[in-house]
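Alright, structures below, take your time with them.
The same chain A turns up in both complexes below, where it pairs with chain B and then with chain C.
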Partner chain A sequence: MRTKIFVFAALLTLVALALAACAAPAATTGKLRVGLITDVGGVNDKSFNQSAWEGAQKGAKEFGWDIKFIESKQPTDYEKNIDQFATEKYDVLITVGFLMGDATAIKAKQYPNIKFAIVDNAYFPTKGVAYCDDTKKDCYDDGGLKNVTSLMFQEDQVGFLAGVLAGGMTKTGTVCTVSGMEIPPVVRFVVGFQNGAKWIKPDVKTLNVYIPSFIDPAKGKETGQSMIAQGCDVVFGVGGNTGNGGLLAAKEKGLMAIGVDVDQYNTYPEVKGALLSSAAKNVDAAVYNYLKSVNAKSSKAGVFTANLQNGGVGLAPFHDWDSKIPQTVKDKIKTATEDLKSGKLATGYK
Partner chain B sequence: MSNLAAERAARTDGRATLLRTLDVLSMPALAMFLGFLGGAIIIWITSGSLETVGAAYAGLINGAFFKQRGFSETLVAMTPYVFLGLGLAIGFKAGLFNIGVEGQFYIGAISAVWAGVAFPGLPAIIHLPLVILAGALGGALWAGIPGFLKARTGAHEVITTMMMNYIAFRLAEFVVSLPLRDPLSTAVQTLRVSPNAELWSLWQIPERLADPLNALGVALFCALCAFVIVRWLAPHARRVVVGGIVFATGAIAFIALPPLVKVWWLFDDQYDRLHIGIILALVAAAVVWWLMYKTTLGFEMRTVGANPNAARYAGINISRNIIVTMAISGALAGIAGTIEVLGVSICRCLPLFFSSGYGFDSIALALLAKNNPIGIVGGAFLWGAMRNGADLMELNSGVSKYIISLIQGLVLLFVAAPAVVRYLLRMRAPSKTEAEAPLTRGWG
Partner chain C sequence: MAVLANKQRAIKISSRQILNAVFIGIGAVAVFLVFDAIIGGKCDSKCVIGTLNQAIRYAAPVALAAYCGLMCERAAVINIGIEGMMLTAAMVGYGVNVYAFTWLKAGGMDPALAGDASRWLSLLLAIAASGLMALLHGVVSIRFKADQIISGTVINILALGITGYFYRQYLAQDIPPGPGTFAPFDIPLLAQIPILGPIVFQGQKPIVYFMMIVTLLIHYVLFFTPWGLRTRAVGENPRAADTLGINVFRVRYINVLLGGALAGFAGAWFTLEAVDVFNPQMTNGLGFIGLAAMIFGNWSPFGALAGALIFGLGNTITTTISIFRPDIPSQIPQMLPYVLTILVLTGFVGRAIPPAADGQPYEKQ
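Right, the complex of A and B next:
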C-alpha cells in the first residue's frame, strides 16, 4: 500500500511538472520590455528602490511597455539577475544602486544591444579595473560602455539643505545621521548635512554612524537611540530601511527626524509626526525621464546628474511641521538654495 | 537445485535492497511532493488563478534547468549547500546541532581572502590548496570554540554557535572595512585575491592548463582519484599494480589533458559562472561518507550521537569527539564560504554585506537528506535548483521568490514530522522501530 501511494505521488508530481513545463508561455510582442533589478532593499523599501520602481512603472505605463522587476537577495545575485532579463530578451534594463556598478558594467559589455541605466553609479577610468582601466579617456564612449546611462544625484546639495533645517531646529545643539553603508551617495548626503548644519549654526555638534547594511532597521533604531542619548534631537536617516530605524527612534522619543530619498511622509506614515521634511532625490523622475528619452530614441550613454538647478533633488514639503518651523529658518533654507544653485555656496563634498 | 535457491536468494536480496532504497527515499520524496503541493495551494489562493500556479512552477523549472546558463547556475548555487549540508550532517550524526554554519561560512570567507591576498606570486598549485585550507581552518577554529565550551563546561552548542554567528558577522564587517579594505575601490570591499588563488571557472580550464604547473596539479588530483577508485574496486590488488595505474593516470592527465582541452572543451561561454567548486563538493561528499562510515573516528562520532552513555562506557573520549566533530563541521562550512568568495563573488573579494542565507537553508537540507552524504548531494541539487529557478519564476508569474522559503519550510515540517505525512496519506506506521538516532539531544 505504502509503495503504491509513493509511486502514485511520484507519477502525479511528474505529470504536474511536465504540464507546467509545457505551459511555459513565450510571450513575444512588439512592445519594448523593461526590466528593473533592485538592490537587496527590495521594491518596498519605502525609499530608494521603491522610487525607482515607481518611476519605471510610470514610464512603462505611459509608453505601453511591459515591465517586470527582480529583487536581489545578495550581492552575488546581481549578475545572475541581470542575466535573467537579458536571456529573456528584454530591451531596457534599469539597475538600482551603486553596489551593482561592477555587475552592470560587465553585463553591459556582454549585451551591447540592451540599453542599461544604472542609478547612483558613474564610471570613471580606474587603474586595475578590467572593464574600464586608466588607459581610457572615459568609460562610456571610449571605454565601451556605449549602452550605459548613469543616473546620478547631487545628494550633497539636498543634504546641505536638510542640515540647514536640522541646525535651525535643534534645541540641544546636536544633530545626527543614522547612515547605511559607506558608499558615495550616502557619504554625499552625510557630508552635505553636516556642513549645512554648521553653516547655519557654527557651534553645532554632529554625530554620524555608518551601518554596513540597508536592510537592518533594528540596528538603525538602536544606533539612533544611542545618539539621542548623546543629546541629538534631530535624526537624519540616510540608508533605506536601516535609516528608517533611526527615524523611528526619534519618533518614539518625541524628537525630530528628517527622511531621505523620497517624501517619507507618504511612504513611511508611522513616523510622520516627527518628520520635519525629507531630503528627496527624485529617482522616480530620473528613471522616468530616462525611459522617455528611450521612447524618443534619444537616450545617450554617459552621466546625467540631477541637482538643485534642474530640480532633480530638493527638500520635500514640511507637512505638519510647516507652522512650527520659524520663518527665519525657512528664509535661511531659501538663501542656501539660491546660493547653492548659483555656485556661491559649496557643500564641502569633494 | 542449490543453484536455483541461490539465484532466488540473490533475487529477493536485490528486491529487498530496492525496496529498502525506495523506503528510505519515500519520506523525503513525499515531503517534497507535499511541500510543492502546499506551495501551489498558497499561490493559488493568493493569486486567485490556477494559471499563475502553472506559470510559477514552469518558470521555476525553466529557470533552474532549461534556460541559457540555467543549469550551470543551479550547480553554482548547489555547491555551498553541499558543503554546509555535510557540515550540519556530521554534527547531527554526533548529536550536535551546529546552528552556527552561517558564521563559520563568513569566517572561512575572511580567512580565505586573507590567504589569497597575503601571498601574491605563489603558483596556483600551492596557493589554491592553501586558500581552501585557510578557509577550512578558519571555520574549524570558529566552530571549535563552541565545541570546546560544550566539552569543558557543558554550554549548549545551539546557544553558543548562534551567538558566535553575530560575532562572526561583526568581525567580517570589521575586517572588510579596515585591515583588508581595498583603498582604491569606492565600494567597501576587501582587496582582490591573487589570480592564482581564484577558483577556476570551467571555461577558463584550457587557459589555466596551459601552465605546466597547473597541469601538474590537475594530474596529481587525477592520480589521487585513481588511487582511491582502484583501492575501492580492488582492495587486495598488489602494490605494484596500484602504483602503476595511479602513475599512468597521472602521466596521461599531465601529458594529454592540456592539448585535449585546447582542441575541444565543453564550456566555452565565458559568462558561465560554473567553477570547479562543484567537483570539490562531490569529493567532499565522498570523503565525509568515508569518514562517517569507514573510519574509527566516524564510528565513534556516530556512537556518541546515538548514545553518549554507552559511548562513554565503551571507552570513547566524548569531549575529544565533540570538539573534533564541531571542528570538522566548521571546516566544511568554512570551505563553503571560501568557494563563494573565490569562485562566485564578482570582485573575487569579500564585499561588505555578503549575507547569503545559505547556512540557514542548509539546516532544512540536512534534515531532508537525513544526514546521508549522498542524500545531501541530491537535496543540495534541489535546493540550488529552487534558489536559482525562483528568479525566472518571479519574472514570469509575478509570484514572489520568497515562496521558495515557504516551500522549503513546508518540506522541513513534513520531514520533521513523518507522522503528519503518514496521517495525511493514510499510511501505516513502519512495523519495525525506527533505527535512527535522535537528531539532537535535549538541553543540558
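Right, the complex of A and C next:
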C-alpha cells in the first residue's frame, strides 16, 4: 500500500511540474488588464488565433496594459477560462472564434463590468436562445449584451478573390477546398471561393470537404490528396491546422495552394513554393482597433464588420508566384475587388 | 498444462478469425455497393484503387497503436497510455527532424543527405521517447503494482503537458524550415502485381510498409516462438508461468517496451510521414481507436489490422462521399467511420476475450 501511495504522489508531482511549466505568473499592477482566450488551435496555430494574439499584444504594448492568454484545450474550457480571468479581475476579455459564441454571451451577462470582444460571432435574436430570444430587437443594447463587441469579417469577399485567382490559375479546370468545421466563417470562405472561381471560369469544377476539426492536419492532408486524385490542382485550405494539411498535399504534388486567415507565406514557410497567395482576414488589426477604441473610451457594443471596403480583409501578396501569375488574372482580381467594393458584384453568400 | 491450454486457445481464436474474415469480406463488398450507389457510380476503378491505397495509409497509425496495446496486454499489462506515447513520439520526431536538419546543414552537409539523416535519426529518437514513456508505465504498473488504468491516464495527461511545453518553448515560432517527410516509394516486384500491387505496395512511406511487416512478425513471434508462448503464458496464468521458471517481470517489461516502440512508430507517422508540422493533440484519439481495433481483433495482430483497416476505409470513404455528393449534409458522412465501427463490433465480432490475467499486477510469493 505504501508503495502505491508513493507512486501516486510521485506521478502527481510530475504532472504538477508539467502544468506549472505552462502557467505564467499573475500580474499585480493597477494597469488595465486584457485577457485573450483562444480556441483549441492555440496562440501558435500559424493562422487565426495567432493573429488575434499578435493584435492584442500590439495594443497592450502601445497602451501599457497587462496582457495574458489562456488556450482552450476543448470546448468545455471556454466558460471556465472566462471565469478564471474574471476572478483575477481582468477588465477586457477577447474571445477568439465562432465556437465561443454561447460561452461569451452567457458570461458577458454574468460579468457586466467586463468588456468583451468576440472574434467571428455576431448575435441575432433567436427563438429559444436564453440570452437573447426573438422578443428582443437586437442582442446588444436591447438584449442585454451591452458590454459585447462582435468583430466580424466578410470572408466571402476575400474568398471570392481567392476563387478568382484559383479559377484563373487552374490547368485541370478543378479547384478544391479543404475545410474545417462547417461553421459560418468557414462556409463564407468556401461559398465565396466557389463563386469566385465560377465567375472567372464558368465551367470550373469545385470540390469541397468539411472536416469536423481545426487541429487535424493528417486528415486534412489525406482529404487534399483525395481531391487532387479527382483532378484538383489548386487547393484552398480553410481551417487552421486541418487546412494546412491540404496545403501540404498540394505542395508535395507540385501543385498550387492558397492559404487562409493570415499570409501563410510567413507563418507556414514549408509550403511557400506552392502558395499563390492567402485569403487574409486582418484579425490582428480588428483586435488592435478594438483595444484602441477601449483606450479612447469609445468602444461600443454591436457588430463591427471588416470587409474589402475598409481593408479588413484582402488577398496577401503573391510573393514567389508574382511573375508566374498572368497579368490577365491579376486584372480580373482587380476588377472583382472594385466591383465587390462598389456592390456591383455579389459573392453569392446569403 | 496451462501453457498447453494457452496454445489450444490461440488455435481456437484463429479459427474464429477465419470466420470473421469471411464476414468482413462480405461486409466490405456490401459497404462498397452502398458507397457506389451513394456517389452514383462516379468512382471509377482508378478512384477505388486510390481510396483503398489511402485507407491503408490512414490505417497504419491505428494498426501500430493496436499492436502496442496487443504486446502489452498479451503480457497482462493494460496500456491506455498509447495516445500519450504517440503524441510524445510525434513531438520528438518533428522537433529532432527540424533541428538536426538545420545543424547538419550548417555543418556543411549536402541538404539531401542531411534530410535523410535527420529523418532517420528523428524516427529513432521518436521511438526512444515513446519507449521512455512505456518504461515509466512499466515501472509504475509492474514494479510498483499500481493500477494500470491510472498509470495510463497519467501518461496521457503527462504527454499533453510535456508536448505542450516543448511546443510552446521551442517549436512554435521562428523555427527553421525542416527537411519534410519521408518520400513515398514502391516495393520492387510486388508493386507489379495487378490490382493488389497498386493498392498495397505502391506509393506508401516507410512506416506504412513497416506496419505490414510487423503484422506478420508479431503473429509469428506470438504464436510460433518460445518467447510468444511465454508472453501468452504470463498473460493468461502468471503463477503457472512463474512455477515453470519464467521470469514474469522480465517478460512484462520487455513486452511493454516493445509496445512503446510500436507506439513510437505510430506517433512518428504523424510528423515524419503524414505532415511536417506538429500541433498539440494532433494524434486526435487514434491511439484509443487503436485500442478498439485491438479488442475488435480479439488480441490478435491480423484481427487488429482488420479493425484498423475498417477505420481507415471508413475515413477515406467519408472523404470520397463528401467530394462527390456535396448536397449531402457533411455531418452524415462524418458519422460513417463510427457507425461502421459500431455495426462491426456488434454484428460480427461476438464476445471479445481478453487474456485471463489482463490488468492484474503479479505478486511473487
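Everything below uses one rule, namely that the second predicted complex is superposed on the first by the 322 of 350 C-alpha atoms of A that agree within 3 Å, B and C clash if a C-alpha of one lies under 4 Å from a C-alpha of the other, contacts with A are read in each partner's own complex, and residues count from 1 in each chain.
Methods note: contacts are C-beta pairs under 8 Å (C-beta built on N, C-alpha and C of every residue); 3 or more make two chains touch, one makes a residue touch a chain.
In this text the structure is predicted, and so the values were computed from the model without any measurement.
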Contacts of A:Glu182 with chain B and chain C, given as first, second, both or neither: both
Touching partner for A:Ile106 - first (chain B), second (chain C), both, neither: first
First (chain B), second (chain C), both or neither touched by A:Gly245: second
Touching partner for A:Asp120 - first (chain B), second (chain C), both, neither: neither
Touched partner set for A:Lys73, first chain B, second chain C, both or neither: both
Touching partner for A:Leu207 - first (chain B), second (chain C), both, neither: second
Touched partner set for A:Glu54, first chain B, second chain C, both or neither: neither
Touching both chain C and chain B, counted on chain A across the two superposed complexes: 3, 6, 19, 21-22, 40, 73, 182, 212-213
Parts of chain B lying in touch with chain A, wherever the complex brings them together: 19, 22, 26, 29-30, 32-33, 36, 51, 54-55, 57-59, 61-63, 66-69, 73, 173, 176-177, 184, 186-188, 271, 273, 340, 344-347, 351-357, 388, 391-392, 394-396, 398, 401, 425, 427-428
Residue ranges of chain A touching chain B (in the complex, touch as defined): 1-3, 5-6, 9-10, 12-13, 16-17, 19-25, 35, 40, 68, 70-71, 73-81, 83-85, 87-88, 98-99, 101-103, 106, 110, 126-128, 181-184, 212-213
Chain C residues touching chain A - in the complex, by the definition given at the top: 47, 50-51, 54, 57-58, 140, 144-146, 150-151, 154, 157-158, 160-162, 164-165, 167-168, 172-173, 177-178, 180, 270, 274-277, 279-282, 284, 315-316, 319-320, 322-323, 326, 330-331, 334
Footprint of chain C on chain A - complex, ascending: 3-4, 6-8, 11, 14-15, 18-19, 21-22, 40-46, 73, 182, 207-213, 215-223, 225-227, 229-230, 241, 244-245, 248, 268-270
